[in-house]
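Here chain A shows up in two complexes: once beside chain B, once beside chain C.
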Partner chain A sequence: MNGFDAGATEKEILRFLEARTKRTWGTGTDLFASGGLSSLFAMELVVHLEKSFGVSVRGADLRLDNFRTVASMTGLVERLRAAAGGTGE
Partner chain B sequence: MSDRPPPGPPVLDEATATVTALVAGAADAWDRAGLLPVGLLRELGAAGWLCAQVPAAYGGRGLSSAAGGAFTAHVGSLCGSVRSVMTSQGMAAWTVERLGTAEQRTAFLPRLTGGALAAAGFSERGAGSDLSAMTTRVRRDGDAVVLDGHKVWVTAAHYADLLVLFGRYEDGDAGTEHGAGAGAGAGDGTGTGDGAVAVVVPADTPGVRVTRVADPLGCRAAGHADIALDAVRVPAAHVLGGSSLPLPLLVTTALAYGRMSVAWGCVGILRGCLTAAARHAATREQFGVPLGEHQLVARHLAELFAAEQTATRVCEHASRCWDEGSPEQVAATVLAKHVSAGNAARGAATALQVLASAGAQDGHLVARAHRDAKLMEIIEGSNEMCQLMLARHVLGSSA
Partner chain C sequence: MTQTPHTAPRPHITPHPHPAAGPHRIAVLGAGVMGVGITALALGHGIPVLLVDIDKERLGRARDDIDRELRTAQLLGRLPAAGGTAALELATDTGGVDDVTAVVEAVTEVTEVKAGVLADVSARVRPGTPLISNTSSIPIDELAGHAERPEDVAGTHFMNPPYLIPTVEVVRGARTGEGTMAAVSTLLTALARDQVVVRDAPGFVTSRVLHPMINDAARVVQEGTATPEAVDALMEGCLGHPTGPLRTADLIGIDNLVDSLRVLHRRTGDESCRPCDLLLDKVRQGELGRKSGRGFYAYQEENR
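And then the complex of A and B:
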């Protein structure tokens, strides 16, 4: 992991989404409004972010707004990495 | 033989032996009495064995999902009621660990590994499979929250010191702002006002009334109880995470642990049944030969073995997904629960068929297994709810 590369984060999230759903997604598309992704799928996203980016998503950070779009997930990852003070290197 | 747990760390082997000594000879009587000795539960709890996956930093045993599962299966092979209490305690701990803040983890988890007993309440009279029909309310009032409503069939609630209760959240402020700072988006949760919270409620709080479910079909000593909540006031700091989440995400997160625990418990049921059926078929003679020499009985043994092995493998896979942090854990957990519960219900019925009158008395391991396994097809997501979730998983991967 080198630094906080939002572009790479976004790309990886898109890759996972497309592999998992066999659909293409825009970074601003509401994943839960537009295609019936379930709360189980939301959990998959949580676990995927934790594993891929070495962050821990707990408590209030689990709110759905953080997972609603690729952009919001990217923002969450960046914020959690910044809060961890780069210790995830 | 197949009921021997895989080799674990020495401390786990020791715990396995201890639990066998404490439980194996007594489970029949506990089932008939419908009650577990609370002292035993506190002893297991204080040693960290009721929620053995809690990290060591909080006084837990820090077991992996795979090791915790093997231990759960072992306990489940001896006594479905003790295993059910473990499932409740583990689910309460997992909910605190996953949803709680760092302060809340530090406040509550050491209690759950220190002898306090816990239960997690989801279901209500009008909200079983459809938890979205939940009506229990959690209202913010200054530095406190006030709970009103009820819960039914809460496993282990009869014994519990701490209740982790799920309800709809009504913030004192107008609107539906989120308590925690950064990046507040527009709207609440899914945008349909389904914000919910999990709250840690000491069972002795004024306004909490716990009433045992009389004569449950299975896991009879697990202390299932209904809970009435009448203006129950606890500090707002007991709201896990401090703010609301969408109800489906909240309960799905909490139930994930329970489903793994039930799945492994069902592996235990199958192992207990397999051992009992094999022993009986090898020793009991009819028509001049051991039962196992009769092909129709032998087939029962083969199917029981297949049921135990497939349940074991599907649970091992799901636990590996948890331990590796793979997103596949979500579907694998539902699959493990579904396969194991169905196998346990069929396997226990098969074992009873092999033992016949020898197992057809309340309290007998196989009679208990038969009743307990049926409940496992209902609890933590019925067969049908699991099928719907798995179907949705399949459909979501093939668009």
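And then the complex of A and C:
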């Protein structure tokens, strides 16, 4: 289960964000900084990542810092997929 | 009549308290938006909950709803760092409430419904068990009259979502007992909520002030002065409202907001509390806010 396309993951997250917020975002922009999104939107991001990429975000991974930027979300998804692949799930 | 908030002493720091060993075990009546939110708040603070709703379908969704609330609370860092989630029981009747330490009533915002539920549970619990109504508008003393012991009845007005909003409005009815007020305070401290105690009146403080304001915000949209986005942007950007009144309406639930406005209008005669046509239209069309996927704003159905 190697060779996930991080570029495609990033693109999909950007697409979802733009569709939901009607704004464009940089991959390093803090989504929840002043003038950004409501922190309640973070849960929509969690649910979307789980559905789109077949991962489950639980325990210590469930913290806002993992969802603050497109880059951090991409990193989380890649890590969870690698972990799931590594245990044969 | 305000009271300085207590600082929570973090009473639930043991990793996994046994449900029967803790000092609290509460019943929450009604698995709607507020019942689910209050249940999640309690479970996340180590307090076991018996959640009762006569609607089987709604009760069937409750576990998933509560799980999502708990995950959101954790995501936003609003749960105690240590401590497991307490046990949840679900029931379609109040048969199991006899040994709970407190009852939180969060059924539909209609006087007759709340009165019936309070009459029923007050006959089942031990005398002295606080019966706490989460009404947003109905005077507590009016509800207390339907309980076997009016002194056991008090009001707490949790905001939505309960785990995110640190302060709870506590309402002392004319007949609410000293012991009941103390027990409510102890419970809210265990839930790490700050408390402000006020006297009984239609809508107390928060609904009496907020609901007519939301009604006016909707009326401004109805009259074509501005879009919901513009109203909220102005109230946030110019006046420091945290989410904007119309996004707040979606969070409250527009049906519940209309019920509360009717309660306020009937009891105060204040015309600014008569629900405006746009709010009534939204209820008729099932656009109830976040919980139905659409209100003043659209929410992704699977993500709401």
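Basically, the second predicted complex is superposed on the first by the 80 of 89 C-alpha atoms of A that agree within 3 Å, B and C clash if a C-alpha of one lies under 4 Å from a C-alpha of the other, contacts with A are read in each partner's own complex, and residues count from 1 in each chain.
Going forward, contacts are C-beta pairs under 8 Å (C-beta built on N, C-alpha and C of every residue); 3 or more make two chains touch, one makes a residue touch a chain.
Please read these numbers as outputs of a predicted model, since none were measured by experiment.
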Just chain B (first), just chain C (second), both, or neither: which does A:Met73 touch? neither
Superposed model, chain A: greater residue contact from chain B or chain C: B
Can A:Ala42 be said to touch chain B (first), chain C (second), both, or neither? both
Taking the superposition as given, does A:Ile13 touch the first partner, chain B, the second, chain C, both, or neither? neither
Check the residue A:Arg23 against both partner chains and state whether it touches chain B (first), chain C (second), both, or neither. first
Just to be sure I read the superposition right, which of the two partners does A:Glu50 touch: chain B = first, chain C = second, or both, or neither? first
Under the stated touch criterion, which partner chain does A:Leu64 make contact with: chain B (first), chain C (second), both, or neither? both
Check the residue A:Leu31 against both partner chains and state whether it touches chain B (first), chain C (second), both, or neither. neither
Taking the stated contact definition, name every residue in chain A that is touched by chain B in one complex and by chain C in the other, in rising order. 20, 38-40, 42-44, 47-48, 51, 62-64
Sort out for me which residues of chain C touch chain A in the complex. 68, 71-72, 74-77, 161, 164, 243, 300, 302-303
Enumerate the contact residues on chain A facing chain C in the complex. 20, 38-40, 42-44, 46-48, 51, 62-64, 67
Chain B contact footprint on chain A (complex, rising order): 16, 20-23, 32-33, 35-45, 47-48, 50-51, 58-66, 68, 72, 75-76, 79
Going by the contact rule at the top, pick out the chain B residues touching chain A in the complex. 98-101, 104, 178-180, 182-187, 189-191, 240-246, 248-249, 252-253, 256, 324-331, 334, 389, 392-393, 396-399
